[in-house]
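Next come two complexes built around subunit A: one with subunit B, the other with subunit C.
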Partner chain A sequence: MRSSVIFVYLLLSILCVYCSQPKRIVDQMYISFDHARYCVRRLNGTHEIGCQSSASGNSGRMYMIDNDEEFNSYLMNTKLIDSSGSFIIVLNVNLFNTYYVDKLITSLSSKLNGLLLYLKSTSSRPEYFSHDDQCPNHRYSYYLNQTEIINWNSKGTGLFFRSFPFPIMLIDEEDDYKQLIKFYRQFNYSQSSSPTCGLELKSFQNAAHSSKTCIRRNDISHSLIDLEETFCDPVGGLNIYSKLPQSFIIIPKKRQPKSVILILTTTDSFQMFLKIKGTTGGAQQPATSLITFLALAHLIGQEQNEFKQQDKEIIFVTLDGDALDYSASFKFMFDMINGSFPIGNQNEEPIKVEHIHSIIEFQSLSLTDKLSLYTYPSSLINQTFIDTLVHNNPMIIPMAVDSSLPPASSQIFLRQTSSLSFPAYILTSTNQNQLSNHYYHSFFDDPSTLSINISSLEYNSTTEFSQWIKNIVEPFGQTLIESFVGIKKNITIKQEIINNLVYCILKNINCPLIHNVTNQSTGNSFDSSNETSLPFSINTYPVAATPTFPFVQNILSYFLRDRIYDTYNLNETTCKQYSNNDSFCSYIYVGGYAPSIMSEQSFDGYCVRSYIRSVSSMSPAFTIDNYDLSQTTYPAWTESRWTTISLRLFVIPTRKHEIITLVIGILLLSVSFIVCFILRYYTNISLLQPSSS
Partner chain B sequence: MVSLEKKSPEERLNICRKYYLGGFAFLPLLWLINAIWFYKQAFKVEPYPQQAQIRKYVIRSVIGTFIWCIIIITWNVMFQVFRTKMGPIGDYLTFVVPRGYY
Partner chain C sequence: MTIMECAGCTLIAYGVPFSMFVFTIAHHPFRVIISMTSAFFWLLSLLLSSFLWFAVVPLRTQLAFAVPFAVIFQEIFRFLFYRLIKKAEFALQRVQMQELTDKGMVFDRFAVAYASGYGFGLISGTFAIVNVLSDMTGPGTLGIFGHSQDFFIATAFLTLCVILLNTFWGVIFFTSLDKGGIHRFIGPGTVVLTHMLFSCITLVNRTLTPMYTISLIVGYAILLGMIIYTVVLRGFNLNNIRQRIN
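What follows is the complex of A and B.
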């Protein structure tokens, strides 16, 4: 008796160990693609753009279309189209443009339940892939009204700004593509009876209709249910500005008119297809301009003693949020007109429009032989400045006077001042009124378009690209000195500094440069973004933990630091004392970035005295009281919130299989009812009644 | 469970009256219950002195329920059709704001 009990117990435990599989049944039913890019919903004051799926995902029969012939044969195959109630079309990336998408939507109408794009391999990327408009940032009347409308991005499809009722995802990894095609070929042989592959796309977005509706719904909370659900977040990041040490004092006397020069660049971009922990693109726009901007800041900071001899302030400004209707520029001009630029000290006289001498912008630069210089308006520009610029750098070609400006933040600076106050100089890479960027505002805009082999790039590798930057920045710095200080001086920047900037921004933000220019705690915050490049995407408010802003803040302020402090051997406590006494500048104790330090002595640590200000760059539409978001005075972009995004592949069984499964299920149900009934009838044990004692 | 047979006719009339009067406090369900529960008493049982009064209450409860049904159905249909067209008021009246849809 006892041995049989032990035997049964042993048998059961062996069975449990060997028969329990670690995989759940749901894992055996679905193949999940975790590295897919997805399209999200964004809203402006009156419309919504982007994609939306249902809350439990959009599923349908998978059908792959690789080229034009397959596309036409599919649309003519009415038997196939009628065989299933919903389709997920798997489309080659090269076919993603308005012609094919519109044809699919009109032919399939409600049967089109989703779109999955695929890229066969990194070497087969399309030649042009931009879903911004043909004339970017020209939708509402935010741009500067000019004589003619030029299609700067002529291969742009404009699909980013359309609203799709189904989800669109993109597979850009080769392994995912191989797996997809393997299953497709295995299952989708004939049209009707055999089992076919199905796909489920889930990218449910919370927001709907327009920013006005969404922001209103954000604020609704019924007191019975405490949780306020946020549907969308306004687009905005930080506008960061810094300046040379000579102006580190609050000017006691009145600010002179035309005494401030602004140098501008942007730090954001957008892509139609996002990926968590994926590349965001933005190598040509805005990374190239940002690297040029930072290198110029270093050069000017290096020559700060020359700039002491003149009285103009040069302020370096980065704008975040201009990719969508110039929100950041509107905020900057709004602050300037209302007297809150620069912030920080009430005793400081604000810089207003009449104090601005000129604005210089780096925009949409690419690795090109020639650069275009756009200037506006012709009545205010300084021709000698342009001549000096061209003379120092023959790569720069000045465009005809009063020609239409490319998409640039300066357009808003000029618009808000009616082009009557100061001139704008825009340096960009265009060729015959076309942007040189084939992947404008797309995730394909990566370092390979700048002839950089990113896998072999080291911290100090000199590339063609970094040499090109040096050849632009040095003549530019020379021109600034010639124009404002009045002396001719050959100035150089160390190639190493540019190499380091390129590495940090395009390959790995957790680089020695950022650790050398920040204190311990700030430096540690970059460790979480190890092996990722600087992300260039739409930032929303509240500002997420993106490393972009701390990076730009610390590097810009370090490059424009007061270099006299490089010669002082100070310790951390003294630095903190300085910081407590002075609220205008910031003092931080850092390890020091060797290539930037000119003095012969080197110390263990340096106290860095610098000036840095960061202001929220959210459009004024969200901060003005009682502003109706459907008005078009200011842009009102918001981005929806979402929770899970998933892409799964499964097999749709044949009709016969489904019927058999159903019949077996009903049989099992009835059998179990019968068994239970028989057991109740023939046994005396009743579990519900108490046992009679 | 309250069993009406065990109660005296005065008590039955009392209960019916209480339900009838209670329904005026914007409680149409009381009228509905009243009508269903006392239907048998009002029409199907042999007559007794209080039955006429009970019958009156039941009929009035039915009318009241019907009026309320009309009101509620009309409001329901109006809200569903015009929720998005009403502008901000539609959103403020919505208790569970829809996610992802207008």
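What follows is the complex of A and C.
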């Protein structure tokens, strides 16, 4: 007995060498990719677009296709295609267009269980990558009933608006690509029956069929189960507007016709492949336009004493939701026609269509030498305004009268007023009816397309881009003063302000600028988005915790603030008292943004008096009673909800192995059953005899 | 589809015990109760082992420390169960034994030992394999990190071995203690030693490319040994066996 004990201890000590951490088997079976981009499902009034996987994930044998030759040889390799029941095709991102995708779908039909795109490295990105339509937003454009279609985005594949029955994901990180190719070469190179690599894509979307069906399903409550399940959310964010807080038309005073100028830009974009905590793209559209817009707002705020001397109001409006069928513009016009613009104070005289003088829009701007100015209709435009604009900024080229408008929110403003009320001026970067943006509505639209090296960008770096913005905004502000105030004045904006805006919007939204223009609690809410750029994606209602809206609200209202308050040394309580007496403006106590303050004295804190309003930009389709969502009067986009998204790599067992295991199991069961049966009936062993003890 | 593999492994691990259940235990309510109670005792031993593992914080990652203690605890509880059965038998004897014997309800010691061993084995095997079976239901199998594909079949066969071994260990343990004399030490001693040997051999399977054959051969060799020992203990010789077959 003692020797056995010694033997056991010896064994233990040897075995201790082999000990490792006990883990679940699952960890040894699957490699998951947590940084993959995924495609989700969206619905409009009648259709669904996007991708869908089964609830437990779509799995299949992995096959990698890197270029055209490999693609053709794969489709001709019928033996390989027949060898497996389902495939996940791993496709080079350069091959992601309608030709290859359609060919895969027709050749593989139900065997195509998913698509995984990969980007080899950041330097090998395709030259054009846009999956919006060739004529973006053509479903609700101004030219709906006209036959002329201009393909503003001629390299667009339109794949975003198609519905795929399988999931599509994209890996854009180099480490993920290296891991994938390593295992692929290890296992799948030999096409024999040795175990091969497989992938599982899981991106189950809750919504189906159309917005009408989905919204109806949202409202179904199962009386036994109290929880309401929401399958989709309507697309919408906030339309924000602000102006100089100087003159207010209080009832019964009447507003003069043609006394309001609207300056428009958008704050949203979409991309086919989303990522949690990933870049959303949107650097050229809409960030460039947004930066120009905010810089112009600062210029107007700077020169507010000049603008006080005339009676026209300039209202700065940001629209959120126009990337999908101009939902936000429809809502804005709907509010205006129904007398709820501006929202807020009942005593303020509403602004209606007849009060609008003109609309100016910044849309799809890119870092180009020349800018195009589109104007419509020729009967209402002010030619002197255009001439002054071109004279002040030779970069701007006016387009021929009544030429077709590019995709822009102004199209809806004109459509809803039948182009009879006010003219529209659209400043954009197009060249011969082509948008200059190669990555229109795609996540590749990042600061590198604006010649900005984002890793070395500092809070106050002067880049070619920020200088370009300055060269556009200053002449524009000059033109506005010349046209509306009537004086020629050389106005400048500090380069620092534009540099700060570029840094905050394109690199790190949690920047000193936003902390200087907000009060303590609002400023602290940006800490959670540290080191992320301003997200430009589809927002849904109820509005998620996106930092875009507080950012735009606070900066826009600060830039257009009443500057007389910069000279007052007030404390927080006095500021609050002011807000109790004034129901039109908002008063907040902030630290103050130094480059914007003109007075010589500086204080610890400033009371900021500003005019800011935010309205939900959800399409009127969702707010009108008894509106049938399948009607096409207003767009009705919704985004599906989803829970887990996962991408896993593993080894698929060979058919032979599986069958052998099953057969052995069945054999063991049946043989043991038969043996016991024989032993019971042909022998006298007491154990096997049935009795009741 | 590894559902096939999962079904196959389940059948391998539980096929033989299922047949045993159907033909030896299912028709006997007393044996069913003994099996379930025995399984409960095994769970208690596992609880104690896990307390020990939890308490010794620095050695939590070293499975080789926890295994021998788990074996010792299991055997202690097997002994405790034996004492419980003894008390029950004593109590039953004092109550109308004649009535029960007339009805055919005999306190068959061998059957009780067998049922208790079976219960122990069943729950022990379940704990060994059920996690592995649930992980098998996904679309993949082992191999991406270089592990052998035979892991699942080997685990299933080892589980089968564990269940059968526990059954025979139960019989040997109880019968030896009943016999008295020198058998009171040899029987339990053999059980503890072979159990320890088997459990420690399975630790070999935790390397990256293990040789499953070692643990499988050792396990089934021990099983064969235990079967022979049981037969010898029960006093069977060639004549007896011939009698039983007729």
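The rule is simple: the second predicted complex is superposed on the first by the 623 of 693 C-alpha atoms of A that agree within 3 Å, B and C clash if a C-alpha of one lies under 4 Å from a C-alpha of the other, contacts with A are read in each partner's own complex, and residues count from 1 in each chain.
Just so it is clear, a contact is a pair of C-beta atoms (placed from the backbone, for glycine too) under 8 Å apart; a residue touches a chain by one contact, two chains touch by 3 or more.
What you see is a predicted model; the values in this text were computed from it and never measured.
> After superposition on the shared chain, which partner residues are touched by A:F231: those of subunit B (first), subunit C (second), both, or neither?
The answer is first: A:F231 touches subunit B but not subunit C.
> Hey, is it subunit B or subunit C that touches more of subunit A?
In the superposed model, C touches more residues of subunit A.
> Touch check for A:M62: first (subunit B), second (subunit C), both, or neither?
A:M62: touches no partner chain.
> Could you say whether A:A287 touches subunit B, subunit C, both of them, or neither, answering first, second, both or neither?
Neither: A:A287 stays clear of subunit B and subunit C.
> Return first, second, both or neither, reflecting whether A:H657 touches subunit B, subunit C, both chains, or no partner chain.
After superposing on A, A:H657 lies in contact with subunit C but is clear of subunit B.
> A:L116 contacts which: subunit B (first), subunit C (second), both, neither?
neither
> Taking the superposition on A as described, I'd like to know which of subunit B and subunit C A:I356 touches: first, second, both or neither.
neither
> Report for A:S672: first if it touches subunit B alone, second if subunit C alone, otherwise both or neither.
Touch partner of A:S672: subunit C, not subunit B.
> Could you list, by residue number, the parts of subunit C that touch subunit A in their complex?
So the residues of subunit C touching subunit A come out as 1-2, 4-5, 7-12, 15-16, 18-20, 22-24, 27-31, 61-64, 68, 103-108, 110-111, 114, 131-132, 135, 138-145, 147, 149, 151-153, 156, 160, 189, 193, 196-197, 200, 203-204, 206-207, 243-246.
> Going by the contact rule at the top, pick out the subunit A residues touching subunit B in the complex.
These residues of subunit A touch subunit B: 52, 55, 204-209, 213, 216-217, 220, 222, 229, 231.
> In their complex, what parts of subunit B are in touch with subunit A?
88, 91-92, 94-95, 97-102
> If you look only at subunit A, which of its residues touch subunit C in the complex?
Residue positions touching the partner: 1, 4, 8, 11-12, 15-16, 18-22, 24-26, 28-31, 57, 59, 183, 187, 195, 197-198, 200, 648-653, 657-666, 668-669, 672-673, 675-677, 679-680, 682-688, 690-693.
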